[in-house]
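Letters A, B, C and D name the chains as they come in the text, with residue numbers starting at 1 for each one.
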Amino acid sequence: MTYKVAVAGASGYAGGELLRLLLTHPDVQIGALTAGQNAGSKLGAHQPHLFPLADRELLETTADNLAGHDVVFLALPHGASGAVAAQLPDDVLVIDCGADFRLTDSEAWDRWYGGNYAGSWPYGLPELGDNRATLRTAKRIAVPGCYPTISTLTLAPAVQAGIVTPDVVVVAASGTSGAGKSLKANLLGSEVMGSVSAYGVGGTHRHTPEIIQNLGALTTDPVTVSFTPLLVPMSRGILATCSAPLHDGVSAQDVRAVYEKAYAAEDFVHVLPEGQWPTTASVLGSNNVAIQVTADADAGRLVAVGAVDNLTKGTAGGAIQSMNLALGLDEHIGLPTAGVAP
Amino acid sequence: MTYKVAVAGASGYAGGELLRLLLTHPDVQIGALTAGQNAGSKLGAHQPHLFPLADRELLETTADNLAGHDVVFLALPHGASGAVAAQLPDDVLVIDCGADFRLTDSEAWDRWYGGNYAGSWPYGLPELGDNRATLRTAKRIAVPGCYPTISTLTLAPAVQAGIVTPDVVVVAASGTSGAGKSLKANLLGSEVMGSVSAYGVGGTHRHTPEIIQNLGALTTDPVTVSFTPLLVPMSRGILATCSAPLHDGVSAQDVRAVYEKAYAAEDFVHVLPEGQWPTTASVLGSNNVAIQVTADADAGRLVAVGAVDNLTKGTAGGAIQSMNLALGLDEHIGLPTAGVAP
Amino acid sequence: MTYKVAVAGASGYAGGELLRLLLTHPDVQIGALTAGQNAGSKLGAHQPHLFPLADRELLETTADNLAGHDVVFLALPHGASGAVAAQLPDDVLVIDCGADFRLTDSEAWDRWYGGNYAGSWPYGLPELGDNRATLRTAKRIAVPGCYPTISTLTLAPAVQAGIVTPDVVVVAASGTSGAGKSLKANLLGSEVMGSVSAYGVGGTHRHTPEIIQNLGALTTDPVTVSFTPLLVPMSRGILATCSAPLHDGVSAQDVRAVYEKAYAAEDFVHVLPEGQWPTTASVLGSNNVAIQVTADADAGRLVAVGAVDNLTKGTAGGAIQSMNLALGLDEHIGLPTAGVAP
Amino acid sequence: MTYKVAVAGASGYAGGELLRLLLTHPDVQIGALTAGQNAGSKLGAHQPHLFPLADRELLETTADNLAGHDVVFLALPHGASGAVAAQLPDDVLVIDCGADFRLTDSEAWDRWYGGNYAGSWPYGLPELGDNRATLRTAKRIAVPGCYPTISTLTLAPAVQAGIVTPDVVVVAASGTSGAGKSLKANLLGSEVMGSVSAYGVGGTHRHTPEIIQNLGALTTDPVTVSFTPLLVPMSRGILATCSAPLHDGVSAQDVRAVYEKAYAAEDFVHVLPEGQWPTTASVLGSNNVAIQVTADADAGRLVAVGAVDNLTKGTAGGAIQSMNLALGLDEHIGLPTAGVAP
């Protein structure tokens, strides 16, 4: 069976990556492509790398234009997904790449986002807890944020195994595509190249409660997250450096064993061989996550480093992985298992 | 039928790109991986992005280790292919990514490379002249150089149609992967980032005679090529800015018509819509070439700009495209038609 | 004597570079800083690198605010300089970094810029023709465009010596700061990094007539210029690859001799030792130009490559060099003679 | 008085930056330039940006060649400084940019470096403790490591004021020049561009004990440091994200007050206005440090971010600042107070 798929927000970075991957997916047919202010123009003007779809016209993002599809991906600005989703039939698989349906706690929503709380959907991170089973029957899926994806996967084994006190520190260096195509002065090439900066410092970034929510589900201890995102001079990729106080007597070998066991059955999450540390280039364009972990005996901390492509596994790849599960397909279909390097 | 494929030089950039693409090719099985000084180590230590092959051991590059395959790719340093190829049976498809078998003129070889002239093999650029037909029956294939690939494709329609005097000027800006993994001070990140430089200036780059050879086959006029390569701060991609004196009375529209007609039947070469100019990002990781062309009436010159990924269509993708032809497969199999952007 | 200097357009890239240099100039006092839409805010919000001036308030760009200074630099959007300059007294030294007063031919102005032709001012390129003498008595100075600065200096010796036919081809790779702080999608870091593109192709870039004007003053032959600018992934710097048909019998050594003689007395223009080719990193942040030249006997062309920092010698440094001359100061004061590398 | 200055290790990155700065220092004369394997060649071949010194010949690094100078800078590989320094007269000011004389604890030396412990010299970080007074009479100075410089300055006010528990976490993103000109595969442009990676993870980087030593001098509490350096795609600059458990009841405003007071009298250390976070571009090429700080009430941590140019204030600028003090000169002479941006 071939599934007909629509992408709302096709002219943005997440939409473009969805289409790049869907083009190689054997079980889907790419249907309507919609956009906001770019509606009426051709996709090729906004996504020149998507040659096979260059002549496709961008429609307006309306329920009518999205009707008649088996799957609808929403890659819209924050806050726009709820209204669109509400107009789509219940039996259509709707996958939201935005933040609207990620938080299960309405108070967290009020504090971090505000406005109407739309509720929460099954969370599109199959590697976490029981999510894989839930996703297999889901008709609505919230794709995780890019930072929560890599922060959670990098810390989850340690938190779940109870070898750390879950007061975690995450410093995550991200390429600029995570900020989207927004025309802001600090995202200009001239500002970004040759420079690193921090933003959303001091627990103010909106992905913080999502990381807390994810880790909190793995432990009965109270979880705190000190999260600092960095903007670094590259287009794609996140490297998350994560640490937490390590319980006494847990060695580096113990830590490795916990991680290797946790991800032994996961095909997209790779605990690297001892001594090899992740690079974002190694996962670029793929659905892979690369993780390495060690123990710092002097500082008494576990240090884990994870790499992900924010647009692939961090957004569009993760979304398609979840789609595969929800459609009853092999989870891996259409998802690159090798990065594009150098 | 599944073809068993070996890659000699698997720890280098060309070898890595061959493997990235072969991993998704449905009709091949990846056999022996060989290397020079890296023999004995695992592939994952050199190509961390090739997760599915991380545990593969690199063998020495010997005829014995390459025996028993249907296809052997040679991605070896210049001058090393001849000896290896001579030991492989005639019925094995041997595809050389090096320069050893590209030049048809032994005098050109003597001048530009020197040492023993190994002869020439069918030239792996299907879009040029009668090459496609030749490649369908070839057992030995010489993959074009990356600069000749894009320079030739960007200029060929104009030269073949006789609308320019073939005294061409090519300035080609390349990412650093074209120089391979050589440990040279000028290739260090600290030297490359934030800087552009020219090298091989004044007709001294070895790809010059190859461009002349290609264009010379399309015209009876004498061909001259002023070729200047630039090193720019990115890993992949070449943008070739090509110009030549335009014959009187040829308009920009005429020029476009020539190019659109020349590539109407080519699926990997895209003459962009009017007003849209190529970017290397748009072809990154794909087998595509993007071309735009215009006429400068004041200067009396045709100006054509072409973009290619030096490692994909410029080397490994072109090699696999030729392999597909030689094996009687669909030419497009296993070759990405969308770039990885942004 | 200390000269009081105002900078109009202080929140932009050219304005910022003027201030960076003026901060170390021993004979000036930095007076009014003005801006357009950024008026009312502090300089530190826009130019965080200018720590000593961080608390300076940006005034509106009006004649009143610019009054009472010995020198006024205009770093304004194209077309805005004329009206401001007209309101400034004749005895104030006014130095325009924009295009408004560069072209001596009103027809060229009409074709390339349009709107009211404001006339032309002495041209702030001391190394060209008799400009240095003219600048010593000037009260109004037009700073050259960044591309014309490097293209002219890289080609002038050959054109003036008559060793080439002045049908020149210039391909100039530029960092993104040349495009200013404009909020355009193609200037976003995500678009620029990892990509090279051409723009203004086919003789459509507005710097073309300025290059023709400069070279035309050095020869009685008709001059044509095929000019293609490239956008490369770095913030600063231009590398111009220039070529022209070389007259018969002129050797590489002859060419070098012409260049070495032409620039023997110029302290900011460096003809590099034989075999060493320019890099933009080597001139970054300095007022230097680095040039290398050779002859391609096969193609019958002279090939000259020049590097400049578009913001320093290409704009602000050139402006201050001209200011020094007009104020009767040593031409070199306040101008870095070493680049910032790596 | 003019001081005659020699630079040992003039062909490396630290040596090059020393010379760039010394060229503008009014009180010094640049004397002997020495090198290791590059001895015998001209400086211009290795430091093409240092135009005024291009023709200087590199001598061998011997006591004889370094004799007769008032100041000798050592910018040598780790372990090489001790032997050279021992041969220089006591009344020569010797400033070592290497690690040899930084650690005051011989056991720490044995653990982290090993080999002969050469002792410790006055520590060239004037902003820390009583160092400024000590440096005014020093004849031997150990320049801090680049990571310790920024980590210490970013954390010192909080540790000294006793508002945090000094169990600090530092994640420091560095440009590649910090690794020097070593020909290593992971430092190639092709590997670095488009990628972020961590190295020396888990408390294994040699700068860790130096940070502990610096912070330990400010508190009687035991100090632990979890230090992770990141390699990011740029040539220069370090952004250090530092955090530590904040004592109860200390507000973000309290924290700011502590930092503003601590650096009120320091001209090179800038606590940025509230809401403005440091970028490495803003300090590039200057002797400045930019710091911002806040409190994360949810996580109970102080978060401070500091930016420095690893080659300027982080090495060569810091060295010259210390030289100025030791020579009785104004501390600021010859040190850029504005960055080179964009």
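As a convention for this text, a residue touches a chain if its C-beta (ideal position, glycine included) is under 8 Å from a C-beta of that chain, and two chains touch if they have at least 3 such contacts.
Just so we're clear, the structure is a prediction, and the values are computed from it rather than from any experiment.
Going by more than half of the contact pairs matching by residue number, which of C-D, A-B or B-D reproduces the interface of A-C?
Looking at which residue pairs coincide with A-C, the repeat is B-D.
Taking each chain's centre as the mean of its Cα atoms, which chain lies farthest from chain D?
B
I'd like to verify one number: the distance from the centre of chain B to the centre of chain D, where each centre is the average of its C-alpha atoms, in whole angstrom.
45
What whole-number Å value describes the gap between the mean CA coordinates of chain A and chain D?
37
Of all residues in chain D, which are in touch with two or more distinct other chains?
Touching at least two other chains: 13, 177, 190-191, 193-194, 233-236, 279, 281-282, 284, 341-342.
Which part of chain A faces chain B closely enough to touch in the complex?
Listed in rising order, the residues of chain A that touch chain B are 13, 16, 19-20, 23-24, 44-45, 47-52, 54, 177, 193-194, 235-236, 270, 272-273, 276, 279, 281-286, 288, 290, 336-342.
Going by the contact rule at the top, pick out the chain B residues touching chain D in the complex.
Spelled out, the residues of chain B in touch with chain D are 13, 175-177, 179, 181, 183-185, 187-194, 233-235.
Please output the residues of chain D touching chain A within their complex, sorted ascending.
167, 169, 171, 173, 190-191, 193-199, 201-203, 208, 224-226, 228, 230, 232-237, 239, 241, 243, 252, 277-282, 284, 292, 294-301, 303, 305, 307, 341-342
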